[in-house]
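Submitted below is the structure of interest, expressed as structure tokens.
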Amino acid sequence: MKHKIGFMGLGIMGVPMAANLLKAGYPVMVYNRSPEKGEPLVKRGAGLASHPKAMARAADVIIAMVTGPEALQDLLWGPNGAGGAFNHSKVFINMSSVSPGYTRELARELELSGVTFIDAPVSGTKKPAEDGALVILAAGPQDKVKALEPVFLAMGKKVIYCGAAGQGSMMKMFVNLLLGVMMEGFAEALNLGKLGGLDMDAMLETVFSGAMNSPMFQVKAPLLKENRYPAAFPLKHLAKDCKFVVDTAFELGAPAPVAHTILHLYRAGVAQGWGDEDISAIAKVLEHLNPK
Amino acid sequence: MKHKIGFMGLGIMGVPMAANLLKAGYPVMVYNRSPEKGEPLVKRGAGLASHPKAMARAADVIIAMVTGPEALQDLLWGPNGAGGAFNHSKVFINMSSVSPGYTRELARELELSGVTFIDAPVSGTKKPAEDGALVILAAGPQDKVKALEPVFLAMGKKVIYCGAAGQGSMMKMFVNLLLGVMMEGFAEALNLGKLGGLDMDAMLETVFSGAMNSPMFQVKAPLLKENRYPAAFPLKHLAKDCKFVVDTAFELGAPAPVAHTILHLYRAGVAQGWGDEDISAIAKVLEHLNPK
Amino acid sequence: MKHKIGFMGLGIMGVPMAANLLKAGYPVMVYNRSPEKGEPLVKRGAGLASHPKAMARAADVIIAMVTGPEALQDLLWGPNGAGGAFNHSKVFINMSSVSPGYTRELARELELSGVTFIDAPVSGTKKPAEDGALVILAAGPQDKVKALEPVFLAMGKKVIYCGAAGQGSMMKMFVNLLLGVMMEGFAEALNLGKLGGLDMDAMLETVFSGAMNSPMFQVKAPLLKENRYPAAFPLKHLAKDCKFVVDTAFELGAPAPVAHTILHLYRAGVAQGWGDEDISAIAKVLEHLNPK
Amino acid sequence: MKHKIGFMGLGIMGVPMAANLLKAGYPVMVYNRSPEKGEPLVKRGAGLASHPKAMARAADVIIAMVTGPEALQDLLWGPNGAGGAFNHSKVFINMSSVSPGYTRELARELELSGVTFIDAPVSGTKKPAEDGALVILAAGPQDKVKALEPVFLAMGKKVIYCGAAGQGSMMKMFVNLLLGVMMEGFAEALNLGKLGGLDMDAMLETVFSGAMNSPMFQVKAPLLKENRYPAAFPLKHLAKDCKFVVDTAFELGAPAPVAHTILHLYRAGVAQGWGDEDISAIAKVLEHLNPK
């Protein structure tokens, strides 16, 4: 029998992920602070809960896909929070990007309720979410992760098991650090080349023809060429993830010189008011420092 | 009629490049300071010149693939230097990685001799050099670059035209900045993940399954897994290229915050004695700073 | 009538600060997790409390000088915590270095108890603490700060009023960022000069004769000359302060490029096992990266 | 008998330095590309040469105080260059800030002429130059440096002997790295504090009351308070010096993480068009990145 899914957090990622669960035949009840975001899902058959607790009561697998720890704490432990309905028969899967430290704290908070906690952030942004092609970075009890694979594969193309709860978030730090570095490096190199008189298309052809080619560069190149940055992955979220990376590196004593440099730059992008644009708008931070 | 090629600089890159010219049927005369490096080429039919000038006299297209400006100046203008044999009927192609500033100086030095100067560094390291799959970043008079395409395509799979002499080196700065950033970012993220308890194979699978996948990461992953760094591209050369990037950024006023951070790290790798290992040995610089 | 002081936290700073309060004639009851640290103070007339609550009951002004938020939370809200004895008639002064964010949270936690909360970290390390020459960075209700000036001036030479509670910690971030930058800059410049063949004494004379002279450099120069780093201010504490600076800069969107660079370096010093040495042991981090 | 002095380079520093030589009773002949800069000196008794060679012929001690290697090369080896009049009976003192590498090259160039070469940059900017209170960082043959002490002490308050020619420039790298770091650190900390709601005067009082106090901060504080940056030491010159520091660190393999970070920032200041303002205008680079 199919799991009954409760899904909270209907942003850029949450809507297509919930839609893919519906498509795979799961009964889904959704909750979002602004309920109008749930309408397209309701049209496809989702239920709309009036508060997180009602959603959690109706489901046996509760999924959260929100913007960070504050939103999550609120949905879990605020008035009519989902946490109030958790018990031994339910599974809670956090797919939001948070720090490993926060995830370990959350695991401790959830322990009393008896709920099975799975920490499963994703690699991939808007397009893979729509295509059901996310990579799911799942952590928690390995047998439960295994048992839930059909649920994950409704949203993604692959599940990578990362270890105990907290290690999914750790894997997300790892992969988003790499993302943040590559995005900034791409923008910094293109900006240098432009100031040095190179043609944008020739630069892109050089990258695409060589060992540094990457699907991410293919996707971001048109935005950088046109200086238009509609968000597939908002810059402010990457800034937040870079902060989690730096926090984690500090805890571990891990050397993270470039993580520090790029955190500073993405945060400057948010400060300039570009946080809701795509991560590729980091190019604007560099241009802001260019010769006039 | 096939061009007679003179080829000087028989290192990791030069030997397979000259071998591919021979394979394509070009008559090739080689020169190298340590002549024994030329033996495998002589066995395949190359001539061995006793000094650069003799090589340049015998050829109509002279190619240099050396480690930097010092070596090049010496081969061109030292005793019996190739420059002494340059004239209006000859073409000189510098494929070594040097800075755009130096290339522009070199162009001025060469002007008097009447030689046609083409600035054509490559994107790609040992394996693409062997496979004739380099990307040639060619700059200089566009008609001459066009006319020499068969020569370039004996060594590479593609020629990208970059503009006036100096712009090939500029394109090389661009692409090696991206290479340097990606290599360091890959090593920094993997090192963080390891200290955070993640499994190396799970991290690699995550990268290879997502948008940040790149041929370069595929090639470097085994070296990083095994902590063995035989050089496809020696770290000291990337350190030198990063210095050219920083020099160029200073000239242009281009913001290059991450270029600065990685220059410092690659240079530290050379200082530790790892300059002859592969660029992926940057991982050792980070580990050197890890908690004991 | 003199205030009855309760003093918790008897480390490098706490012991001389409490001693100066005794010297100024204040009755002082001390508490420390390892009670033997209190012995020299008991000999000079201090009372020794068996737990923080007992200390807080006996005092009307309670001072904390501990290593960070964790220690402070424990002493305030742990079993027999001082917080349990707080009420409208008492004043609580936190002189420990913590982040402005934590201080604002603490202010909220303390509100219910009715206690007057003053946030008063200090500028100055071991020697000024012993000499009663600290600079007190006091924040909270201005009239209360004014009224407590005699208490502060028993420990310091000057009180600087910083604003509402939280702003003392903010001022401490400000001044310790400057400290961290100057200390690293001094070590980095001296290390460069040494590798460049300059004489250590000639370098110091140059600094001491010019506009960059500073009491801090005078104090740290002998440690750097002799490569011996007994802690006046332990490196691990400055690493923690730099982390607070970076956290605060992230919150505010303040550009902090050098704060990031030095955080990475001080943290690496802790990772190498040098956290209990003086902040000037940052020189060892740089030397660790030197050519062999 | 007093040396006859030739002085070339009449900028912010050169004019007061030459004026102090006149005041001390030395006969001085000056040269400057824009001769009108020499007028105030001519009024005080200086001779005005029509070209550098004429100046060098008339003098036995030739001093250069120009903006960098390009200007110096031109005055020495350009048409009617001073170098053409150098011989065994003359002394050439370069007091301009240049890199140690360039200074060693210059020493080799000068060797043939037989001139005694002294490398003597200064620590101190406009005000100490006017007051004859510079610190002279002299390098070259120690007996000659000793013999010329009266000349140096006409311009400065102290001579520090640094070693063979090149080591004066090395000492200047050392001291200007420290200057650059302190200036940026001061601006970065003040900017953070301002965004965090601290009062400028309270911050300055905190610095001036503690161990980080420094004459340099005293001098720069009013500029930072008023956001007006008339140049005592132009930002573009410090950017150039930071580049020399990074070049030197690269040569030596010296770790220079903060030197890299600040080079990037000062260069960005020049790119923004603030190169002719004081070094304290680095504050504007940080503010340029602030939240709107």
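To keep things simple, chains are lettered A, B, C and D as they appear, and every chain counts its residues starting from 1.
As a convention for this text, contacts are C-beta pairs under 8 Å (C-beta built on N, C-alpha and C of every residue); 3 or more make two chains touch, one makes a residue touch a chain.
Remember, predicted model here, so these are calculated numbers, not experimental data.
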item: Shared chain contacts [subunit A and subunit B, defined touch]; value: C, D
item: Furthest chain, CA centroid comparison against subunit B; value: C
item: Between subunit B and its twin subunit C, rotation from the CA superposition, multiple of 5 degrees; value: 180
item: Distance between the centres, which are taken as Cα means, of subunit D and subunit A, whole angstrom; value: 52
item: Distance from the mean Cα position of subunit D to that of subunit C, given in whole angstrom; value: 38
item: Multi-partner residues of subunit A (each touching 2 or more other chains); value: 249, 253, 255-257, 261, 264, 268, 271, 289-291
item: Contact set on subunit D toward subunit A in their complex; value: 257, 268, 271-273, 288-292
item: Complex interface listing, subunit B residues touching subunit A; value: 100, 123-125, 128, 135, 137, 157-158, 160-163, 167, 170-171, 173-175, 177-179, 181-182, 184-186, 188-193, 195-199, 202-203, 205-207, 209-216, 219, 245, 248-249, 252-259, 261-262, 264-265, 286, 289-291
item: Complex contact set, residues of subunit C against subunit A; value: 243, 246, 249-250, 253, 255-257, 260-261, 263-264, 267-268, 270-271
